[in-house]
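Shared chain: chain A. Partners: chain B in the first complex, chain C in the second.
What follows is the complex of A and B.
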């Protein structure tokens, strides 16, 4: 097994294979890593309803198996749950993987003991917005929903009486529902920065829907997959070229959609920029929630943004936000958590991206993609 | 006249408020030699001494704007002459970020400037201050100035 190899794999356990998504490979791999002692803990998503899941840290393989088939949740801020150096495996969307790598750069997470099992991601949905969407767009009771699925550009909900209700995603997003805004313009769908990238794209033929496509990216990726094979928990077969091509095609199509959304959402501000930003931030109540959940902020309780600003300031703009704008210019990964938690609905991710994207493009620096470039001083010190 | 300047309400012309951060080893000395050489310069600049231009923090500059500065200059030793080897390289990187940030925020490009002034360049110091003051006079008072601050 070498770095760059692609396989299609599935769990040997019948129960995990049926309950888990796409053959349950990821669940089986995580459970095997715990059982064989490769890691001490695993982060899994525990379903707390049809629309929501919370990340939990567990050392119990049964709990990992029970979490099979969980949906995507909010990005994971690994350093807040675990002590530095804990041997841990976590299933990660591209933004989770990127935030973990950014935390590792800042000395918050030990990358050598962290196994990142990447999952393909085409976007996530906000639980509260989804409930509202079901009511407004689908005319359904959110409590009646039993399952959801995305097929051929349509978002399909299945109700308890077995009926399927489908609406085009484009149509939903036009109305302001559907995926989170940050997910709409996120162009990283395959987690190439993770140790191992898993997903159902590129699984064809008899295995379609029953297997997971796996790409090995690092030595750690080899270790966690081989460990699962040795434990007899998963079986793999080499992926064929057709599958690889289909996977690349899906990724390319998703990137085009993201580029279009990027143009739509981040189009230049009309009129005064200052008025736009002052108006956007005028409702801020200084709660600090956006900073608390930010996966790339490693400052802790005492930070420049909080220490030098106070709710009693009478400035035209909050210094807290201005400092965070600069702070995130090199490192914002656009995960969307700040917008999600904001109690007064300020589109913070959108604003941070406006500052961050041009800068990251100028320095050709994409945060969280690898460990080689440090933050901020990533630029060569001896230039011009 | 002295009273008029203190309240900022000169009868003829609006005088901008400029905050200038000077490094201890070069630019602050430059300001000294400008005074010693009696080079004429407008009284618009408030100098704040920092040990090195590398000490400049984005917070200082953003806070200066929020407190009512119409323009901010930060200044240090020429590249290669830094007392702390590479502090001014670090300053250039911070400057790039700040410049992009100030532009995106909608403040005029002219309001922020980075310049290198050595301790012996008194005349150049006076020239930089004069030119920058003229620039700021053209763009007018800062839109971030709090109510009641002149």
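What follows is the complex of A and C.
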């Protein structure tokens, strides 16, 4: 097995294979990593309801197995739950993987002991939006939903009576539903920065829906997959060229969609920039959630943004925000977490990306794609 | 390496935001965002975000010495005799409150929720005073009148009000401080509310009811709602204040001031507080400490270590709220059930009255019957009947004195938490008139003492020094003061 190899794989356990999103390979790999001692802990989503799950750090393979399946209405980044020094594996959408790498650059994650099992990602939805969308667009009771999948550009919900209900994602997004805004312009679909990248794109023929396409990106990727094969938990077959081509084509098409969304959502500010920012931030209630939840922020409790800002001496557009906008320019990956948790619904990701995108383009640096040192780390303050 | 995750609510205020509490092997906790929570879509204010720093578990004690839980329960059982007074303002589950009601009943007493307004105002108004309206309904209002500062007191209302504005609502704020989301900020004489506010049945009034609220003010607002047909929502500072009020309905209630007065005149000798720290809740901390010191028995049943657990004779320490089995009812009247299974509190109270352990199921069934539901479903607000009531004569006491220190209230006040709100706010005129200088604390003096406090210039009503934290020289929610450099 070599870096760059592509396979289609599946869990040998029929139950995991059926419950898995596309063959249960990821679940089988994570559980085997625990069972064979490759890692001490795994971060997975503990499912609570159809639209609700919470990340858990576990060393119990049964909890890992219970987590099989993709949850598109659980927009959470798992890298925040990694602890330095623990041998750990996590399933990782591009935003999970990229933030893990950014944390590694800032000494918060030991990349050598962290196995990043990448998941391709076309986007996640906020559960509150999903529920409203089901009601308004699908005319369905959210409590009647038993499963959901994305196929050929359509979002399909399965109801308890076994029926399927499909609407085109474009149509949903035009009405303000569907994926979160950040996911609409997120341009990384295949987690090439992960140790191994898994997805359903490129799985064709008899294996469609029953197999996971995997691309090996690192030695750790080889280790975690071989560990699962040795444990008898996983079987693989080489991916064929047609599958690879389809995967690349869909990825390209999705990047074009993201680029268009980027133009739409992040078009230049019209009028006074000061007014724009003052207006956008005027309802901030100083809760700090946007900082706490940010998966690339590595500053902890005492940070520049908090130390320079005090409720007793601040304007509505506080130094907290101004410091953060600048400080995260080279690390913001546009994951959408800050917007999700803001109690006064400030579109924070949008604003962070307004600062980050031009800077990242200028320095030709895209955070989280590899271990390249961020440009600001490399700035020489003393000229020779 | 395993974690316990509890699906629960923030104990900070009556919005009762959904959240997860993550408990590690070593007992350390952290919160997590529950984005599927119907109340708050996972969003939290700074109290909720910092809950782990704000929660300190209580320890069982008798006469200042740490003891086993069961010994504290036995000691409390012996000490609670006939004539004891019971308080539960709504900081714990309905199950514990109902258990305390049984205990109180067995001693010929009732449980006081501390909301004095309920005993002064006619009972047909209680359903309207108790249960508000669903938070989504705020978004559909055409006109909203705020008698609170949502940013400071009930921060998770802000997004609802902003959503209403997006839907075309106009917002008027009547209060001490201009709130930036209001289209107009006004000070109005209560006698002119009706004419100046011009509300109708598409309007929503949002106010607060706390133990220190003047019942006359509540009556004025009830009159306003009645006359205009507007919906009214009284926010409460305690997570389960509504649940406790519903459970306690029709019982005679004493206000907290009355209880303190009766302790001072010697008619109350034993006080039992269920998750109710009068030192934190009441504005005049010195007076409360003085009164509590006169009791023969101060018995505190609580999950949280706070000022009152330091002075209590007996502390029965129960598990934290997130671990308890049970339900709270929020300001909307929505019942919200914890995923926790702890019944320490219910069992302790049961033991105190000689009941076998295991009272929880029976009590929970009684709660469902009170709410008229078969099971708790966070997505369905139980139906509440709100009977019509007659207009009342109301003469609210004038709150403004020439220069007054006014408490803003809210979760950052009631819970005695560490926060960065240790400053007062006043308008620029007041700052100039008193020659205050940036960087030098303002000296605030009352008959009860003096404090030097940081200040901030805000759009606050003339003469008002607004505070979000308690200051030592106050005697009530409004204290006459002078300000100097």
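By definition in this document, the second predicted complex is superposed on the first by the 360 of 384 C-alpha atoms of A that agree within 3 Å, B and C clash if a C-alpha of one lies under 4 Å from a C-alpha of the other, contacts with A are read in each partner's own complex, and residues count from 1 in each chain.
Simple rule for what comes next: contacts are C-beta pairs under 8 Å (C-beta built on N, C-alpha and C of every residue); 3 or more make two chains touch, one makes a residue touch a chain.
A quick note: this is a predicted structure, and the numbers were derived from the prediction, not measured.
K.L.:
Once chain A of both complexes is superposed, is A:273 in touch with chain B (first), chain C (second), both, or neither?
P.N.:
A:273 sits against chain B, while chain C stays out of touch.
K.L.:
Per the contact definition in the header, classify A:199: touching chain B only (first), chain C only (second), both, or neither.
P.N.:
In the superposition, A:199 touches no partner, neither chain B nor chain C.
K.L.:
Once the structures are superposed on A, label A:317 by its partner contacts, choosing first (chain B), second (chain C), both or neither.
P.N.:
first
K.L.:
Counting only touches as set out at the top, which of chain B and chain C does A:326 meet: first, second, both, neither?
P.N.:
first
K.L.:
Just chain B (first), just chain C (second), both, or neither: which does A:24 touch?
P.N.:
Touch status of A:24: no partner.
K.L.:
Could you look at A:304 and tell me whether it touches chain B, chain C, both or neither (first, second, both, neither)?
P.N.:
first
K.L.:
In this superposition, which partner touches a larger number of chain A residues, chain B or chain C?
P.N.:
C
K.L.:
Of the residues on chain A, which ones does chain B touch that chain C also touches?
P.N.:
313, 316
K.L.:
Which of the residues in chain B come into contact with chain A in the complex?
P.N.:
Within the complex, chain B contacts chain A at residues 57-59, 62-63, 66-67, 86, 89-90, 92-93, 96-98, 100-101, 104-107, 143-147.
K.L.:
Could you pull out which chain A residues touch chain C in their complex?
P.N.:
Interface residues on the chain A side: 40-41, 46, 48-49, 51-52, 54-60, 73-76, 86, 126-128, 143, 282-283, 285-289, 292-293, 310-313, 316, 340-345.
K.L.:
Within their complex, state which residues of chain C touch chain A.
P.N.:
1-3, 5, 7, 20, 22, 32-36, 40-46, 48-50, 151, 155-156, 158-159, 162-163, 180-181, 379, 420-423, 454-456
K.L.:
Under the definition above, what is the set of chain A residues touching chain B in their complex?
P.N.:
Residues of chain A touching chain B: 272-277, 304, 308, 313-317, 319, 322-323, 325-327, 329-330, 354-355, 358-359, 362, 376-377, 379, 381-382, 384.
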